[in-house]
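Common to both upcoming complexes is subunit A, partnered first by subunit B, then by subunit C.
Here is the complex of A and B:
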């Protein structure tokens, strides 16, 4: 609770709202004690006095009554009515919602049908109908406003209750022989209470506004007693000659509603976990680059050359070092595998290349990414955009979320083409059909009119590949393109990629956690752990004799088909949290060979240019194998 | 698509019936049937006359019978006769509804365009100057009572600056010309649109922010699609899926919230008719007016659902 308050008041606007509404409530409570003139006694001689006259700070109204005094009493009345309406609507509505949600079935059905019916009315209209039936009067306006807000509470609270009613602790209470009433009161109510309070606090402002509205129309409080709405309604006749009589109550309604809105927003924000984690910030078009160290000089390695790349996530004051001094390169026509457990930074490495890491919170803090020698991290948005998809293309995991759900796949393909080539629509469309055929989608001509949700996972993945191929790129970065697919489809897609590589001379960076996939496709492989490359070399050599203890143990996790029964060796422990990396080797805590030296300083990269390992105690010296 | 629309229309029938039941029940709660009779008869309200009137109005029949008579008459286009205006209820409603439709329709278009525009700009420039300015304006917009805002507009633009007419809809009623209508419409439509604009702007902003995090936005960027197109094409299209239902709700607010605006600006719409009818206890007029507007709202919501199904292919039609 105190944590919640702290969070709430860190939001300065919410604090302002709390202070204003607090002050207004205090004054309203203290009104009877204040030495003001009677608000309802007319003094016709003093009609329409301007503000700041002695005795009448805010002037007087059309009957010569002191406006300040009427404002205080009117505010008191409006607040009381608004709060009462919120309490009534909240209590009745929540009760209905809890009953519907808890009992479910037919009861739920009948109740919610009724609620939906009420919600089919534009609700000021419903309030008008109720007042029409009951007759004008503040009490009747209160009832009307409360009544029209009941469906809102019923629906919201029912939603929460349905979620809770299926949970284990409710079943447990039932098995323990508790009655329905007791379960609702002791188990359910405490869990939905906070929701009810929030809903009440956010709607109180509305209800004050609505009752004021009814009073404004002359259907609420009746003379001589006035709430803020009827003050405004009475003042309307003299709007042009004595505007202050309108401005005073109007501004007060505005202040009350605004401060409640501010407070309500603050409450919602403080309780919304997505806002706290910053998940509702807009990612920039290009990942933020803030390189701290010197930019590595260009070496002549590869077509795409990643040098000492560092990518971090800055969340609040924590820094997650997702990618740490990673260097990789790929040559034309070559397939490079990056293999690691999930959360090791392999996807972030891949996304950093074209500035696609969501930012905020992602920041590239060091290194360089060179395409044909040009540093992409220093490139302008324009030049980077021109290369995205045209020179370096991506294939993403999970094509259901990576394809736009509302566009036909054909349109998504033609868009990819037209982003780089000014082709007429029909030419681009013909090319799209060709692409679908190239990735062996049957009936390409009709498939092109499908939406992603009308295709199977394997088909969608082929569309993803077709999209990557659209502009004949030089490099394709495939981020676990087959993880979401079943084995037969996986094999087809891998051989498809392999064919394309041979036919078109593509360079492929293949990211996976699966050694089998690497073995099928890649000439070289890099093993990542906790944002670093721990071992890199020719696939054959590493598969035959892994040098890093982590690589060895990762391979030992694989079940072997027809290999007979053996214990699968899981690696004990979890990868480290990258916000708090230990010095030295990140794998040391899970490694059976670790010594004190492993936990101390930087571990050098050992071996030759072809096969290198980041370990003080490699399984063997890589040089020996090559020799 | 035709079948889908038909299905939605058929499913609206029970809702419409429910609306008539609710309105009828509310109206029959009236404690003061005698008071109504007094309102109609004035000084002729002798006990005999009251009893005769009640019989004429069918009040001696059971509730259910009365409901079905009323419903049956409405289906044949007979909404009854307004005693205060001495003309058929439906004629009066149709006259007044036109004026409300013009006002609420323009306000709805305004709040939709302005709201979505403000929301998209806010999201695209999150935490920038435009975002902060819009957030501030929106906060004021959703907090100010529309009737107060309307009064302040009259004071500023009509009385002090003399730019616009104070009130009325003279262009159509009272023999004015249609080209004059916009001048009369500007202030009431704006005053009516302000709150809804704020609500839509907020929602659009958060819907856009939510969508901009999605994987398919990253895909669009990875393809090399220009950022402007990413936002206006990919993100807005997807955000519309959550914006459109709220447009339906806001249309309801515009339709019924016009009550206040019609009073402030002397607009000859159905809201003002309802308030007058309530104050005069002209029950048939209230009943007919409420049912009519609620039914219009139901049909508008069907249109919203159809629009949603056109936008989102995942909805089964």
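Here is the complex of A and C:
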């Protein structure tokens, strides 16, 4: 709660709104205690007094009633009606929305079509019709305003509920013996409550305005009782001769609606999880590079050469050191595997290469990434953009989220081609068909017109690969490209990548957690743990004799097919959080060979350029293995 | 007496339909029958769309079956009432974080089955929760935290604790470790093996990872396109598969030292559920398919010791 208030008041406009509406509410609440004249007693002798007269601070209206007094009572009434309408509409609308969203199917259909019908009428006509049917009066105006706003709540809350009702915790609650009512009240409601508050806070001002509108037309509060709308309505006739009678309630309506809206927007920004997670902060087009220390000199290794790369995330005052002094290179026609678990910095390493880490919060704080000798971290956005997809291309894990759902795959492919090469549409299209054939998609000519959702996961990933190949890149960085796929499809995709590498001399960086996959595809492998490379060398040597205890134990965790029923080896403990890395070896707390020295200082590399290990107590001396 | 007896269980989902279209039907699970003995782990391994999740959800009563019967320890269960099922059979979900309500403390989550399934009073509950929490190796101080404070492995243990709290006879484990890191995966698998012995549980273990299924199961069932194509002892099934599909699965699994070749033609497409092929659903991908496979649907029949396969031309 205090976190919410802090977030809310960080937004200056919301804070201004909160202060204004707070003051207005306070005055409205205190009105009966204030020594003001009776607002409803006419004194025709004092008609249309100007403001700032003794006894009448804001002047008087057409019946000589004190405007200040009427304003206070009117504000009180308008606020009460507006808030009551918002509460009623919110409660009824949200109930309808939750019920429709939770039960779905026919119930949802019937309820929502009813709501749609309600929405098909222009809302002011609907409100007028309701008041006409019930008769004028503030209470009926309140009912009318609440009724026309129910659909808004129902639709919003239904949308949120549908998403939640499909979540597994609802199934879990059913299995725990909870009935429908209990699930709605104890499982769903706490999750949609913030949405209801958001919807209410953003519509309360609107409802005050609508009530004022009805009163203005004479359908709301009846004389002599004042609310802001009826005050405006009564002042209409004297708009020219005594403008203060309409300006006073007008300014108050403006202040109330304005401040409620500002506050409502602030509440929404503070509560909405999507906005809170930074959906409104647009990342820069290139990752921010703030290198401290010297830039490593070019050492002519490989086609793509990552040298002592350091990438961090700065969130608040915490620094997440995602990538620490990582050095890797890959040669043409070579496949390099990076093996690591989640949170080890493997994806961040990959994204840093082309400056694709979102900034903020990502910052590259050191090292160099050289492509054919050129430092990409120092490159201009223009030159980097020319290379993205053209020289270095990516394949991501989830093809459903990397392909645009609203465009045909063919259009997305041709766009990828035309972004780098000025080709006429039909040539680009022919090339797209050719690419789909290259990744062995059957009926490429007709498949090109498919939308991503019309394809299976395996087919979509092939489109992802086709897109990566579109501009004949020199390097492909594949981040868990087969993890989401079935084994039979995985086997096909892997052999496809292998063929491409042999046929086109592609360099592949293949990121995965699966040793078996790396063993089949890659010549060299690097193992990462907590943002560092702990071991690197030829795949055969590492698989046969892993030197780092982490490598050995990670391999032991992977069950191998054909081993029969058995207990699996586990590594006790959890990987460290990269905002709080221990000194020395990050694996030491989970390692059975760790000594005091492991926890003390930096661990130097052991071994030669071919097989390196970052360990004081390696399982084997890497030199021996080579010999 | 067997723990679980399933006869001719099937599920057909209506699809499409509307004002102008006649609704179609997808047979997500075709009639399947199998038994699981008490204390046994039956692995179910298959690819996406094979019907394994629909089958699992029917078994715990989250989906009402179209036909068929489920018997647990001799008691028939034929209403789709999750609470009635809950005391006998429980479910551990694939995504541990999404299966925990983000707005509830761990204590509230684990308490629910005790309260609503067993009607346990408050003071007894606290003791029982502590017991269950200890058995999944979690510290009691975690009870008053919220789900987002836990990483995958811990969250999955909480999911297991919730299932255990219902004191079920059978647990359906739906890809319980596929969202976890390799080094944590084994911790959870071993914990589940221990719990099975400790509480004399029967497991149905669903996964797409052949090696994991083989490591934890006594018997393995392979569904394809809604029907069971093969079922047999875990140690034999992938060594001597009888059904060409099981063989394809075994060949596709990446294994250290095996050369990288595509085990089947790359242009093969999966059968269309809206327009299912007559005969054997695998015929379109099968190197051994003949005329007969395109017309007659093969039935499960015994082939070798404790192994059944639904194939007209089984492998030797």
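Here is the rule we use: the second predicted complex is superposed on the first by the 448 of 627 C-alpha atoms of A that agree within 3 Å, B and C clash if a C-alpha of one lies under 4 Å from a C-alpha of the other, contacts with A are read in each partner's own complex, and residues count from 1 in each chain.
The definition used in the following text is that a residue touches a chain if its C-beta (ideal position, glycine included) is under 8 Å from a C-beta of that chain, and two chains touch if they have at least 3 such contacts.
This one's a predicted model, so the numbers in the text were calculated from it and none came from an experiment.
Comparing subunit B against subunit C, which has contacts with more of the residues in subunit A?
Of subunit B and subunit C, B contacts more residues of subunit A.
Kindly classify A:129 by the partners it touches after superposition: subunit B alone (first), subunit C alone (second), both, or neither?
So A:129 only meets subunit B here.
For A:331, decide between first (touching subunit B), second (touching subunit C), both and neither.
neither
Let me test your reading of the model: by the given contact rule, A:557 touches which partner, first (subunit B), second (subunit C), both or neither?
Second partner only.
Of the partners subunit B and subunit C, which touch A:517 in the superposed model: first, second, both, neither?
Touch status of A:517: second partner only.
In the superposed arrangement, which partner chain does A:545 touch: subunit B (first), subunit C (second), both, or neither?
In the superposition, A:545 touches no partner, neither subunit B nor subunit C.
Give one of first, second, both or neither to describe whether A:341 is in contact with subunit B, with subunit C, with both, or with none.
second
Under the stated touch criterion, which partner chain does A:202 make contact with: subunit B (first), subunit C (second), both, or neither?
neither
Once the structures are superposed on A, label A:177 by its partner contacts, choosing first (subunit B), second (subunit C), both or neither.
Second partner only.
Let me test your reading of the model: by the given contact rule, A:187 touches which partner, first (subunit B), second (subunit C), both or neither?
The answer is second: A:187 touches subunit C but not subunit B.
Considering the complex alone, what residue numbers of subunit B touch subunit A?
15, 18-19, 22-23, 26-32, 35, 123-124, 126-127, 139-140, 142-145, 147-148, 151-152, 154-155, 159, 206, 208-210, 212-227, 230, 234, 237-238, 241, 252-253, 255-257, 259-260, 263-264, 274-275, 277-279, 281, 283, 286, 290, 293-294, 297-298, 301, 311-314
Where on subunit C is subunit A touching in the complex?
47-48, 57, 60-62, 82-83, 85-86, 90-91, 93-95, 98-104, 109, 112-113, 115-117, 151, 153, 159, 162-163, 165-166, 181-187, 189-190, 193, 208, 210-212, 214-218, 234-235, 238-239, 248-264, 266-267, 269-270
Provide the residue numbers of subunit A that touch subunit C in the complex, in ascending order.
167-169, 171-179, 182, 187, 190-191, 341-342, 440, 442, 456-457, 486-492, 494-496, 498, 513-517, 519-521, 543, 553-554, 557-572, 574-575
Would you tell me which residues of subunit A are touching subunit B in their complex?
Per the stated touch rule, the residues are 116-118, 120-126, 128-136, 205, 209, 212-213, 216-219, 232, 236, 239-240, 243, 246-247, 250, 253-254, 257-258, 261-262, 279-283, 285, 351, 354, 356, 358, 381, 385-390, 393-394, 396, 398, 401-407, 415-416, 419-420, 451, 453, 467, 470-471.
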